[in-house]
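Same chain, two partners: chain A is paired with chain B first, then with chain C.
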Partner chain A sequence: MSDKSDSRRLWGRRKVVRAISALPLGIILASQLSLAAPATTTGQAVTDDTVTVGILHSLTGTMAISETGAQEAEKLAIKQINEMGGILGRQIKVIQEDGASDWPTFAEKSRKLLVNDKVAAVFGCWTSASRKAALPVFEKENGLLYYPTFYEGLEQSKNVIYTGQEATQQILDGLNWVAKEKGAKTFYLIGSDYIWPRTSMKIARKHIENVLGGKVVGEEYKPLGDTQFGSVINKIRLKKPDVIYAAVVGGSNVAWFKQLKAAGITSKKQTLLTISVTEDEVLGIGGENLEGFYSIMKYFQSQDNPNNVAFVKAFKEMWGDDSVIGDVTQAAYLGPWLWKAAVEKAGTFDVDAVVAASEEGDIELTTAPEGYVKLHPNHHLWSKARVGMWKKDGQAEVVYTSELIEPDPFPEGYQ
Partner chain B sequence: MSFVYEKLFGDKKGMIGFCLLAILILVVFPLMLDSFRLNLVGKYLTYAFAAVSLVLLWGYGGTLSLGQGIFFGIGGYAMAMFLKLEASSPENTAIQSTPGIPDFMDWNQITELPFFWMPFHSFTFTLIAILVVPTFFAYIIGAAMFKRRVGGVYFAIITQVISVILTVLIVGQQGLTGGINGITDLRTLNGWDITSDSAKNLFYFINCFLLLAVIIASRFVLTSKFGRLLLAMRDKEDRVRFSGYDVANFKIFVFCFAALISAVGGAMFTLQVGFMSPSFVGIVPSIEMVIFAAVGGRMSLIGAVYGTLLINFGKTAFSESFPELWLFLMGGLFIAVVMFFPNGLAGLWEDYGHHITKHFRFLNRFYDKLVPASSKEVNASNSVDSAELEGSKS
Partner chain C sequence: MGGYSYDELGAIFAMQGFAGISLFSVLLLMALGLAIIFGQMGVINMAHGEFMAAGAYTTYLISSLTETYIPGFMPYYFVFSIVAAFLVAGVLGYLAEFILIRHLYKRPLDTLLATWGLSLIMQQSFRSIFGAREVSPTLPDWLMGSVQPTDMIDIPINGMFVLGLTVFTTLAVFYLMFKSSWGLRVRATTQNRVMSGAVGINTKKIDRYTFALGCGIAGMAGAAFTTIASTGPTTGTLYIVDTFMVVVFGGAASLFGTIASAFSIAQAQSILEFFISGSMAKVFTLLTLVIILMFKPEGLFASKVRR
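Right after this comes the complex of A and B.
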């Protein structure tokens, strides 16, 4: 009798609760045992009617707010390609991984995508740090990464296609424009303290001093995430530069522009040109804090051409009317299309062949939202630079468009 | 003979637990997992060093450090500096303005190698630095605080602050340290390709043996007279002081020892993952290490390893299967552990372990052979057993 009641107690409430809490363990074990993807002649996850690719962006953590747009654009492009019949007759399947705003996680997930899932290409990474962490993995496993962010240059890997602009494509034309249009002679440089702003400012300073004959009256770096710009703003007031040239990134931007406005530095009295603010950031900063300031990018959501109108419409249909599209989001959208063009040219998904096809320099997209782009043999894109003036509603008015600029990741005379 | 074994493994349950762990990481994982997963487990096990060090420091010493990432980071950076210098030979860096220095220095307009990088050309120096620098650093922190009787929550806050300072320093001085990107792209060790599968497998086993050695060494510390003093200090520090012991010195010792263990983990991390970045130095990783120890059971050296493995397996598996939901599942896991197993996984083992150990008769017999019955009774009366301690505390 007592035995029986004992055994009943065994399955009492506590036991059940414990069993439930062991469920996560079960999931872990099950997923560890999941089978690897089937291998093919190229060793990739390609079957007769599907091809698998990876998307690797931060869905959680501090970078999630920036990277969400990029992964949404990549999914949109892949959906559209699938609706058009896929690539080489195969539908694209996506395996998504979360980089979690953590650089080592990007390396781990890259390896997982390449080694376990054997994906034919990966669309991903956002910050330079995450790319630097993942890069050795892509080179070792001979993967293919489409990297969407504008970045500092000084890199050209066989295994990466850079769909954003490198530093010179973004910086030089903007400086020329502001010197010519605004007659700017003195510049104050301010950026967040890491590799991209520092490299960009190095190039900007050389261009200002050697080409434009202007003067840099101040150069300042603030830690990532910093929200105290009071001392910088005081110095700016003292030096009275013609142009504030800014590369403040992420959340710091909110404090930076609000404090500028509070200090009475608005577009009425001061020209400000930034290389780090897209529609995504403006969402957080608020258009009223930015009104009249300038950004230099290669793409603005307000661009008026048929490609872009269709792209914005499709994006909003898929991801909601409230979504905004920034420069990187558009560059991310190009990734799958560039890959499709290269694969179709090579006639295979094999990475070496796709890279070789990409390096011939004749892959072009006439349907890009930003306008016409072409892939240079150095893995970067020919693209135009555009200056946008911010309006209250968070959109920019394009006030200047350059010619197509040749990408030059290792600019001579600027190093 | 039996005396030595008790010193090294604790009681019978402790030895069986140790053997099971050794079998798991040395035999089961390598047989079951492919090279990629094994490398991941290897990475997790480097965090286990820090978790084990926290069992000593926090579980037994009662001193919570929220800055073990400092020492993990120093160990990792020391190893990364050596590997980076090797990767930055003049031939490999010919495209730079100054060939022969690490690439990030070149980007930051530094034209010659800073003086403190120089000695890291030598592998011997690097190995010594991995052991000595963090220990010395811990000594300075420990001496500055424990001698002034700073402890408890204040100590936790200060260690946390130091880890923030170190992160800011590393990020800010990017020309010297690689900044937020960290030190990346490490490929060879004395000319040997460390990115190959065979190298990774070898590092995995080296890592396992080091971890097991660290557990044995820690057990040895805990079963010694020092271990009992540590407990006494945790529970009634003043009484120990009034008995004539210099409490500060004991605390400094255990803090230094914990730093040393964490640094070894950091160095092994760099070797297996192939880079080091400030994201392992700051507050978040330091607190994660405390979570590993807490989930494993903060009074159990072996539990800390299981805690680390469970949390990291969970992280990887959840984030692969549910990339958009995984943080919630991790949260659920933490809540479940705290609610149902307040003593961590080690508490489970204490409650239900005998169901398992009775199936390992050969280990029992092995143990009985080593430890004569007479000494077992003595042992039972004063063994440092976690369940017993937990009981005596409450």
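Right after this comes the complex of A and C.
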């Protein structure tokens, strides 16, 4: 992992250089901060009254299930910003592309959006695989991507703003909570077999063993899409863990919870904490199969604050009463707002200036549905972790809220 | 095995045994329809998984309709939905054979492409009709939960249900193929198409009904699997690999082979999974399959078809 920390040091140095070079620019721009100021557009699709952005999510293929909500939220935010008068006096126009659940397509469409359409920012990607595929394009063409999903961390690109939680923000507080509240000492880790669950479990194991003084009695990965959990459930029964810690995704997730219930393992007998179930997944799993189990996320639809009440109402007005809002959907909603704040602070749509403004660490949203968030110089958000207990109707009751947690995409001692 | 009493070990042993049998019944139910189509007709039906999804969606549709209009019927709807799934998938299969497949019997590789195209069309239709999100029918309460013969043993009811359905379907297929006069005609057509035609068997009709039957059974399997997993537009693709694996390993033209193959794959998978991790268990199972197929390319039970 030494290459990772090297690259981080490199970023640090580059950031210093950029910050210095941005200084005079900032002074010049500060003097022009009136709304109709002619923006430095450097070839972007910006006219006197419009600015064009891209939305890049999967509308077809397996990931369409998850990504639909994210692009709906982004469109809602953009609509609301336009109703308020747009950004720097310009209305936002959207060009939407379909990533089609195919990672090379994400790279190809990113190039199209940046080179042909010259969009000022892109809101998009969902899986880490799609982000990794699009990343070289964004870095080469100097584009700006707002990425909404909670993910495994270990990444920090100049050209990406991460609006979801990185792994430590999501994992550590949840484990602390379950250790304290449920007196948990032994943990059984189970996940789907790909990068995100494996990285998350690595962090979880270190925290359990080194910080909490607990014991991991089993660690298990199932192939993506696998629907047979009989043997695993028996293994868990044999080990009798205090907590099952789960990161199973996609169709497997549904099979996993249905079979747990069928095997008589319910919340009455067993504590289960998962990092891969949001309101979106519950639609497929069924609230009755999850009742009493816990999810750790930064946002739940049931959160009771004025921002969220307004957000849920606006979302349902735009996308229908049946729609549900999961963690990633809310994080996607933050993207356009964070971009607006950074652009207005920079006074221009120019990517370097917007990134420099974002990296000053003082861009905050007081109107975020999840509550207050602030952008950290490392491109991630300060956010709170929340534990939700699932109810039969598919909504969660928030039983624990942490303090504001600093994002740490390269956690020391956890790699 | 320190720290565990004999009772506990016995209980785990019993439940693990059931997990293996349960996986066996799932694999067999998936493969039966394909074994009929592939084995008896030589058609490689890449859309098999989508016919299963069609059955699953039928169950979902009936579940939502029942919940909305006749909630009192909820405890019983599931049995009817299995019959409906069989009919819907069967009719779809009948149409697919009539429109597409019958023109391609002499070109086996083209059927492969054509049925793959069919699978894409069906996936997109599911997405247009039911949406991209995965859905689950509301299951009747009696299907959820577990039976507890002793304090420590939990046997899942949905597993037993699938097992029962598999046994019933297998027996029905055997009766149909080996005891009925229709089955006699199917087998005659498989062995010698020209001769069968000469003695007055309508081989085209036989083909159409065989294909419809295979698809119908796939639909039933899809309905049964809604108790285990959810249904999305691309659910079928999850099952198709396992299904072909079972049929090919068993020997294409043999129903006994399909059963033996489903049983050995399921036991190997579930026992290995208990001792090593899930992904590695799959690797070892597939490796063993590859090695056996290297020495016995025609599968466990050799094909008796005269070509």
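Keep this in mind: the second predicted complex is superposed on the first by the 374 of 415 C-alpha atoms of A that agree within 3 Å, B and C clash if a C-alpha of one lies under 4 Å from a C-alpha of the other, contacts with A are read in each partner's own complex, and residues count from 1 in each chain.
We take it that a residue touches a chain if its C-beta (ideal position, glycine included) is under 8 Å from a C-beta of that chain, and two chains touch if they have at least 3 such contacts.
None of the values given here were measured: they were computed from a predicted structure.
Once chain A of one complex is fitted onto chain A of the other, the partner contacts of A:Ala310 are absent, as it touches neither chain B nor chain C. When the two complexes are overlaid on their common chain A, residue A:Arg111 makes contact with chain B while staying clear of chain C. Judged by the touch definition given at the top, the superposed model places A:Phe410 against chain B, while chain C stays out of reach.
Using the contact criterion defined above for the overlaid structures, shared-chain residue A:Asp193 touches chain B and also reaches chain C.
By the touch criterion stated above, A:Val399 is placed in contact with neither chain B nor chain C.
Legend: residue contacts after superposition of the two complexes on their common chain; A:Lys132 is shown touching chain B, with no touch to chain C. When the two complexes are overlaid on their common chain A, residue A:Lys235 makes contact with chain C while staying clear of chain B. In the superposition on chain A, A:Glu97 contacts chain B only, with no contact to chain C.
Annotation: chain A residues 60, 193, 223 touch chain B in one complex and chain C in the other. Across the interface of their complex, chain C is touched by residues 60-62, 64-65, 68, 193, 219-223, 225-228, 230-235, 237-238, 251-252, 254-255, 258-259, 261-265, 280, 283-286, 288 of chain A. Only residues 33-37, 39-40, 43, 95, 97, 104, 107-109, 168, 171-172, 174, 179-182, 184-187, 195, 273-275, 277, 279-280, 310, 313-314, 316-321, 323-324, 326-327, 329, 332-333, 336-337, 339-340 of chain B touch chain A when the two sit together in their complex. Taken together, the chain C residues at the contact with chain A in this complex read 4, 8, 12, 15-16, 18-20, 22-23, 26, 124, 127, 132-136, 138, 144-146, 148, 154, 156-159, 225, 227-230, 232, 234-235, 238, 269-271, 273-274, 277-279, 281-282. On chain A, the positions that touch chain B within their shared complex are 17-18, 21, 24-25, 27-28, 31-32, 36, 59-60, 96-98, 100, 102-105, 107-109, 111-112, 115-116, 128-129, 132-133, 135-136, 140, 152, 154, 193-195, 198-199, 202, 223-224, 410, 415.
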